[in-house]
Every structure is written in C-alpha cells, then in structure tokens.
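Below are two complexes that have chain A in common, paired first with chain B and then with chain C.
Right after this comes the complex of A and B.
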C-alpha cells in the first residue's frame, strides 16, 4: 500500500473567509473514503485543491507525491458537484470528449453502462432529466481507469434507486488499487461502502478512522456519530 | 439474500453472521463455491475490503476454505457446520430470552409461552 493523496497544513482562504485552516490528511491506495461534513465545512474546496482547480494559500497537497498539475490530473478522475458538460452535447459526443482528453478512458465500459441505462447515445444532455445527467456524468467519471477518483456529492439530489445505481457503479468500476474519495452528507446511504470516514469541521479534519473501528469502539454507526458531533 | 445492517456493530461481523446463516441454512451448501468478493460486495452493497475481512474471519473459523486459484468454498465438514448452527441458535436464543426478561416474563412463563406457540404451529 502506498500514499495517493497527502495534505500537509493545507490552507485555503477566499479573500476574507478561511475555507481550510490547516488540513493534515493522508489517504492510502485501495480505499473508499467518505469526506463528510456539514455544508460549508470545506469538502468541495479540498477536492478542488486536489485537482488543481484552486491553489493553496498555505501548506501543500500532493497527489502520488506530486503537486497538482496536468500530469497528476491524468490519474485523477473528478466528478464535479454540478454537471460540467456542455448541454448541447449528446452522450456520444460526451464520450468522444472524454476519450480525447483522457488516455485512460475506457470507451467500451462507458458504452456498456450507457446501453444498460437505456440511454440513447444521440440524446442531448439538455433533454435529459437531472437523474439521467448525474448518471451520465458518473459513468464518464468511473469509465476512466484512474488512480484517484474525487466524487463531489455524487448522490445528492437523486432518488434512492438512482443512489443505489450510483453506488453500485462506483463499486463495480474502481480498480482495487485505486482510491475513491466521496464527499457527501448523506452518510447513511454511503456508510456500508466506505473503508474510512473523514469528518471535516470548519475547515479542519476532526476525525479520520475506519468505519468498522468507529462502530466497534463507539457502538454506533458513522451516521449516528455524525449527528452527535454536528448537533446544534 | 437479505442484507440489512444494524447501526451498533461493525459491518464485517454482521456480514459474517449473514454468511454463516447462509451456510447453516444450506443456501451455500457444503463444498459449494462462494461468489467472488466483488460479487458479494455488489450484492450486499458493501465495500469489497469489508467482504474480504468477513471471509477471512470465516476461514479462521474453518467454515470456508480457499483454494489458491479456484476461489473460496464452504467446508465439507458437516460437524463444523452443525457447531456453527448451534452457536447461531444459542446467540438468537439469548437475544430472545433477554427480550422476554425485559418484558417481565420469568423463565416458567417464557417456557409456557413457547409451549403454547408450538401448539399453535402444530394445530
């Protein structure tokens, strides 16, 4: 096992607001990790720093030992919180687009998943429902043979059946030596697929433990622990 | 198979229980090949590492064994399976007795209740 993501005293400040106030975090390969925290705790900021969409204001973040760059992005597959594909594209064009950008894109895997969804490849994204758009974006993300998947709220705003579909797609497609970081506040839904849970609170890591260790030592689920820790 | 998980115990121990039940009840008969880790993980909707951990535990208990390339199999040792059944039955019985005690039934009342229910089932 080796380290795929490492943050050392990582800081990010937006003008006046401190989003991350010194995050220390190490993720090993071959893990599914939940990045859990209330709204505004810094989950999206951390993910955007990892794929180089933001630059740190302090400390550092390393992917596979290197600073975020086009080289690290070649092994990082990122699912943004909101759909980032042009709405005029068809599913087929979106696959062409991913194929052009990423050498590790498995076109056959993507086509297979799209067929099974009974999604017409010629349908434009504009005419797809919200759930369908989310599934398409996830399929494209998981069809890459990446080392690190960064999934920002992959199950937010979709029905429970779609949630199950999304989680199973993640389980089916990640390779055993890849790490998947899933940010969400729907903890009960993802808990069983996680190896580890990271709790973010006001821009710093307050807990990083294996899910079964949390259940074993505290006799409660991660969801229950979360509700307790973040109770108002 | 029904895969539900309680909140108060590790998922891998509950997976062990589910799998033991499947072996004891004959859903996975003696000598049968178990589904692959990934397949079980997908079916149960859990992490593959958790499945791996549960299977290692069953291996340690001697309920399953692995053959390097062919996969994992249920033990053919009937006695071993019978012992697992006893263990499981005892656990469930304890939970039941606990619940009855909390309801305020003493031993005699509990046994009487069981007798009465058995009569209903036979009738």
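Right after this comes the complex of A and C.
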C-alpha cells in the first residue's frame, strides 16, 4: 500500500470563518474511507482543496505525492455535491466529453450502467429528473479507472432505493487499488461499505480509525460512535 | 487539450449561435426575393417592409446575440455549477481561458462573414447586383488592398483582433474578479468595469476598445504601432488578471 492523499497541517480560512484548522490526514491506496461530520465541519472544503477548487491558506495537501494540479486531476475522479454537467448535453455527449479529457474513462462501463438504468443516451440532461441526473453524474465519475475517487455527499437528498443504487455502483466499479473518499453525514447508510472512518469536527480531524477497530475496541458501530461524539 | 476544449466550446456555443445565423441567412433569402415585388402593390410593399425589418432584426440578433451567448457561456461554464466539472479537468487555467478567447474570436469573424454574406444574398436575390460581374468584387478588393502597403493591413488585422480580444477579456476579467468576492458582487462588478475602462482610457486604448484603432491611421506619418502596442498591453493585463483570479481565488457559485 502507498499513500494517495496526504494533508499536513492543512488550513483553509474564509474571510470570517476558519473552515479547516490544521488537518493532518494520510489515506492509503485500496481503501474506502468515510469522511464523516455534521454540516459545516469542513468535509466539502477538504474535498475541494484536494481537487484544486480551493487553495489552502496554510499547510499542504498532496495527491499521489504532488500538489493539486492538472496532473493530479488526471488521477482523481470527483463527484461534486451538485449537478455540474451542462444541462444541454445528452448522456452520449457527456460520455464524449469524459472520453476526450480523461484517458482512464471506460466508455463501455459507462454505457453498460446507462443501459441498465434504461436511460436513453440521446436524452438531454435538462429533461432528466433530479435523481436521474445524479445517477448519470455518478456513473460518469465511477466509469473512470482513477486512483482516487472523491465523492462529496453522493447519497444526500436521494430516496433509499437510489441510495442503494449509488452505493452498489460505487462498490462494483471502483478499482481494488483505488481509494474512495465518501463525504456524508448519513453514516448508517454507508457504514457497511467503509474500511475506515474519519470524523471531522469544526475543521479538525477528531478520529481516524478503521471501521473494524471501532467495532472491536469500542464495541460500537460507526453510527453509534458518531451519534455519541457529535451529541448536542 | 486546447483543441479538445475548443471543440466542446464550439459545440456549447454553436447550439445557440448557429440557429441565430441560420435564421438570419434564411431571412436574407426571403427578404432578397421579396424585394423583387417591392412595387407590386401597397399591401405587398407593406409586407416586404415587415420582412426587411425582420431581416434587420436578425442581423442585430446575430451581432449582439453571439456576444451575449459567449459571455453567458463563460460565466456558467467557469464560474457557475459547470465550473465544478471544467475546473477539475486535467487542463491548465491557461488552456481553459485561451480556448474560450480563441473560440470567441472565431465566432466574431464567422458572424461578420455571415452578416456580409446575408447582405450579399439580399442584394443578389433582389436583382440589385445584376449589373455586377463576378470579377468586379475581386477588382474592388484589389484596389482596396493596393491603397496602402502591407504593414498597414497587418496593423488593421492586428488592431481588429486586439480590439475584439480586449473587449472580450474586459468582460471575462470583470465577471471573474467580481466572482472572487462572496458578498456585494454587483457592486464589485460595477467597480471593476469603471476601473478597467479608466485604465484603458489612461493607456489610450479606449479608441481601440471602440474598434477605431483598427481603421485609424496617421496618414502620411506611417502606421501608429505604439497605439497597437498599448492595445496589446491592455490585453495582457486583462488576461493576467483573469487568469490569476481563476487560479488563486477559484470561488465557484
């Protein structure tokens, strides 16, 4: 195993608020990691820093040993928390787009998943339902053979059946050597698929342990521990 | 990657700009044919007048619409939700910015050519150009180009490209810089426009912004290269400001 993501004293400050206050975190390859914390704990900020959508105000973040850049974007597959696909595109054009820019895009895998959803490839994204748009964006993200998948709230705001579909899609499509970082506050839904859990609170890492260790040493599920730690 | 970005840029903007151009060309054909019956009767004359007005409106729609489409696409594609996709691509900010600028320049040229073509169609189909021989246009162009030496025409070309580019970059810089602020964006938006125009005026480039530098020349005193240099310095300043804002303050809505 090698390190795919490393944060050293990573800080991000907005004008009036400190979003991350010196995060130290190392993620190894081949793991599914839950980035867990309540709203406003810094999950999205950490993911945006890893994608280069934000610049740190202190410390550093390294992806595969390099600072976020076009080179690291080639090995990171990012699912934003909102629909980023141009609405005028059809599913087919969206696949063309991914195929043009990402050498690791597996078009056959994407087509297979789209067919199974019974989604017309010629349908524009604008005419799809919200749930269908989210599924298409997930399919395109997971159809890449990336080294690191950064999934920001992939199951937030969707119905339980869609949640199951999303988690199944993640599990059946990521490469064994890749790391998947899933940001969410819906712990119970993702717990079964996680290898490790990272608890974020007010911009700091409170806990980073394997899910097995949490269960064995603390005798609790991740969900139970989360509720205990973040109780008001 | 620049070529791929431009391909998708043309695809995204062309879906609105091309129909606009298509409607204008179709109306130029209809207007040209209709003009043949201008004096048939009062009712027909009125109808032809309406068709002519529609054609004029379509020319205006192409001239203004293409620019509006390009600016709106820039905002949505880099500063709106689509920015989450575009700005995590394995491409540099330079490539993103240049692809949009080059595509915009291509669209301006295409729109100008199509507007000229539509005017030619109106003239040809209405019969107004029946006395014009095919060689006449070539002769007219040859006379125009022999009017001044090559350096003048290089100046004109660079002036037109620079003026179109600086106008585009002015809006790119304005949108991008005002986006870096979380609050009071409209205020910063207005301030940015005022400051940029003041700076351009200061460097004597407002003439260029209005497109006049391209055709203005000091008759008998040679080509005013210094004015052109100022225009390109303005281009460079606006480009660097936009690039820096995109790279170091990547605030997406």
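In this text, the second predicted complex is superposed on the first by the 232 of 232 C-alpha atoms of A that agree within 3 Å, B and C clash if a C-alpha of one lies under 4 Å from a C-alpha of the other, contacts with A are read in each partner's own complex, and residues count from 1 in each chain.
Simple rule for what comes next: contacts are C-beta pairs under 8 Å (C-beta built on N, C-alpha and C of every residue); 3 or more make two chains touch, one makes a residue touch a chain.
Worth saying up front: this structure is predicted, and the values here are computed from it rather than measured.
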item	value
Combined model on chain A where chain B meets chain C, clash or fit	fit
Touched partner set for A:76, first chain B, second chain C, both or neither	second
Partner chain(s) touched by A:127 [first = chain B, second = chain C, both, neither]	neither
Touched partner set for A:26, first chain B, second chain C, both or neither	neither
Which of chain B and chain C A:15 touches, first, second, both or neither	second
Touched partner set for A:84, first chain B, second chain C, both or neither	second
Contacts of A:97 with chain B and chain C, given as first, second, both or neither	second
Chain B and chain C, minimum CA distance [Å, superposed model]	28
Contact residues of chain A, present in both the chain B and the chain C interface	none
Chain B residues within the chain A interface of the complex	5, 7-12, 38, 41-42, 44-50, 53
Residues on chain A engaged by chain C in the complex (per definition of touch)	14-15, 51-55, 70-71, 73-74, 76, 78, 80, 82-86, 88, 93, 97, 100-102
Parts of chain A lying in touch with chain B, wherever the complex brings them together	30-32, 164, 167-168, 171-172, 176, 192-195, 211-212, 215-216, 219-221, 223-224
Residues of chain C touching chain A in the complex	1, 4, 7-8, 11-12, 15, 77, 81-85, 87-92, 182, 248-250, 252
